[in-house]
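In what follows, chain A forms one complex with chain B and a second complex with chain C.
After this line comes the complex of A and B, so read on.
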C-alpha cells in the first residue's frame, strides 16, 4: 500500500515507530518498535523490543501495553503505531488494552520472508486482523504501510548480519 | 471432556493450576492460574493472574512465560497446565516460549458465558487452537478437561459476587 492514503499525521507517527525499531536494533535488541498516541496527539508511550535482554514476552507492543496500563486503562481513543504487524501475543495485548486503532508498517507475511531461516523468530501464520477481528468491539486495523521504510531496520538482521 | 482420558499425572498438574487460580482470586486478582512442568516432572514455574495489581498483560500464562524465559529458553519438552484456556495473547506467549504442550481446564466458550456481562473481561472469539495451530512447529493442545472443577474459582466472580 502506498503512503498516499495515510494522513500526514499518521504517516509521521508510523515513521516515529520505525525510528524506535531502529533504536531497538542499535541497542542489541530485535528491530521492532511502537508508540501509543492519545486523542490530543500526545505520545504517551514509546517502546522497543527487549526480547534478548528481557524475556520472550517483551515484544514492543506487549511491552508498551504493559507499561502504559500500569497507570492508565482509559485508552479507547488512542492509536498504536507499530513498525511491523503485531504477532498474536501483541494483537491480544492490544485487545486487552482497549485501544481501538492500530497502524502498522511491515506486514507479517513480509516479516516471515525475512525471519523464516532464523531460529530466533519462527513463523506464526496468523495475522493481526484474524485476532483483532474476533473482538466483540470494533478495532480499526490499518496497514501495511511504507513497507520499504519499515523493512530497513530488519535489513541483514535475521541472516546473521548483526 | 471427562477426566478419564487424561493421565493421573496430567490430571494432578491441572488440578494444581486450578489451585493457583483460586489463590489468585483469594489475593484479589482475576481467577486464572498456571504451572509449567519440565520433562523430569519438576514444576519450574507457577503463576497466577496479576491484572488488577499489575497491568493488562499480566495474565497467568503470559506472566509465567515472561518469568521463566528471563532465565531459560530451553522449554520444548515442558508442558504448561492452565486453569482456563489461554487467550490470544497467552497463546502467542506460549508459542514464543517454545513450549510444545499445553493442557487447559475451562474452555474459552464457557469462560465467555461467565464474563460477557462483565466489562472487565470482554470476549475475544478466537481459541488457543486457532493460534497454536498456526505455528510452524507442532504444539499439542489438550482440553477442555475437568471443567466442573476448573469453573469453581470463577463462581460469582464475574457477576459482582467478590
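After this line comes the complex of A and C, so read on.
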C-alpha cells in the first residue's frame, strides 16, 4: 500500500478505471481498464483490454494512449488511472504519451499471484516505478491503492471461471 | 553476405556453424553475471565416515528449505600427505553454528578433521564460461539450456539477410520522409513467409506508440483476426507470433521488447543497439528473464549500414 493518502477525487477516478476493467471482463476480454483525466477533470479517454480479439499488444493502457493521441498530444497535465499496475510495455507507452502522472489499483505482485497458474500473463518483476523512474522526464507513479476493490474483476477469471 | 563454409551445392537444409553466424546471441543478465557466493559450513573427514556424514546431511537438509541444489554435496581432495579426504557441504552458514555441527558429529561418532566456512557459488551456472569459472571454486552441476540452442540453415540466413536489406532500404526511405529511420519484419521460417513489414510511423500517424515493431505486430494481428473469422477447419486461436522470427534494424525499446514477449515470438535479430533506450541488451534484458513464463532468443551485432539514429531515441 502506498504511504501517501489519495484524494477523494483520485479515488473516485481509480474506481472508474476499475469499473472499466469489470466492463472489459463482461465483454469477454481480460479484466483490465484505465481512464485518462485532463487537468480540468474531464475523462478524455476510457479503454479496456482487447487482447482476446487477437492483438496481444492491446492492453488497456496502450489502447488508451493510442486512441487519445490521435486527437490530442498535450498530455503532460493529464493523469492516467489504471485498475492494475501497468506491464513493461504499457509503462513504455505511458512514457511515450507524455502523461506525467499515473495511479494504479492492484499491484503487479498481487496480479502475478492470480495469473501465474493460467500462464496467460507473463509475470515480469520489473515494476512500473523502475521503468517510469528511469524516464527522461519525471513521471509520478502512485499506487497500489484500494487493491481489495481492484481485485474483484479478477476473481475467478484466471482459474478458468470466465 | 552471410559467410558460410558450405558449398553452393549444399542442400537448403544445411546448417551454418555458430561461429559463422553474422550476429551474436545476447546473453541475459543471469548469463553474464559474475560469480556470487554464499557461505556454507564444510566438514572435512576421512572416507570411512562417508555414509554416516551423508546420512546426517540428509537429515539436516530435510529440516531446512532446500537451496544450493546446483552445488555437488561432496568433493574429494588430497591432503598435504597425499591421502584422500572428503569435504561435504553441511548447510548454509546462517542455519547452524560450527559448535552445533561439532556436537552432532561427536554424538554420531564422526571424527571431523575440520569444520570451516567456505564460499560456494550461490547460483547455478548457465553458460560454459560460468561453469568453468565457478566449478573451480566448488564442483557445480551444469546442464546446457535446451531453449538456448538454435539452428540456422544456409537458406534461412540468406533469407533473413535479404529481409534485413529490404528493411534498411525501407528505413532509409522513411527517414527521408521525416520518420525515425528504423524498420521491422516478422518472418515465419517454417513456411518461409514474411508476414509483416513495417517502418516507424510516429510522425505520419501523430501517435507516439506507432513504433515499427508495434505496427508489425498489429499487421500480424489483422491477418490472424481474418483467419479466425474465415476459418472452416475448426482450428484453434493461437498466440500471435508463436515460433516466428522478428528482424529489425535497431534494438527495440522497452515497450516494444515487452510487446514481442506478449506476442510469444521465438527469436529477434537486429543490427544496432540503442544503448540509452533499448529493452534487450541495453536495459532490463526483457527477452530472457528467469521469472518470465515466455522467453525469446535475441541476436545483435549484424554489421549492416542501418540508418543512423540518435542513441536516446526509442525504436
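The definition used in the following text is that the second predicted complex is superposed on the first by the 158 of 162 C-alpha atoms of A that agree within 3 Å, B and C clash if a C-alpha of one lies under 4 Å from a C-alpha of the other, contacts with A are read in each partner's own complex, and residues count from 1 in each chain.
FYI, a contact is a pair of C-beta atoms (placed from the backbone, for glycine too) under 8 Å apart; a residue touches a chain by one contact, two chains touch by 3 or more.
In this text, all values refer to a predicted model and were calculated from it rather than measured experimentally.
Model built by superposing both complexes on chain A: chain B and chain C clash. In the overlay built on the shared chain, the residue A:70 is in contact with chain B and with chain C. Of the two partner chains placed by the overlay, only chain B lies in contact with A:135; chain C stays clear of it. In the superposed model, A:12 makes contact with neither chain B nor chain C. In the overlay built on the shared chain, the residue A:43 is in contact with neither chain B nor chain C.
Judged by the document's definition of touching, chain A residues 54-58, 62, 65-66, 69-70, 73, 87-93, 95-97, 116, 122-126, 131, 134, 136 lie at the interface with chain B and also at the interface with chain C.
Residues of chain B that touch chain A in their complex: 54-59, 62, 65-70, 73, 87-93, 95-97, 116, 122-126, 130-131, 134-137. Against chain A, in their complex, chain C makes its touches with residues 205-210, 214, 217-218, 221, 224-225, 228, 237, 239-240, 253-259, 261-264, 279, 283-284, 286, 289, 291-294, 312, 314.
If you check the complex, the residues on chain A that touch chain C are 53-58, 62, 65-66, 69-70, 73, 87-93, 95-98, 116, 119, 122-126, 131, 134, 136.
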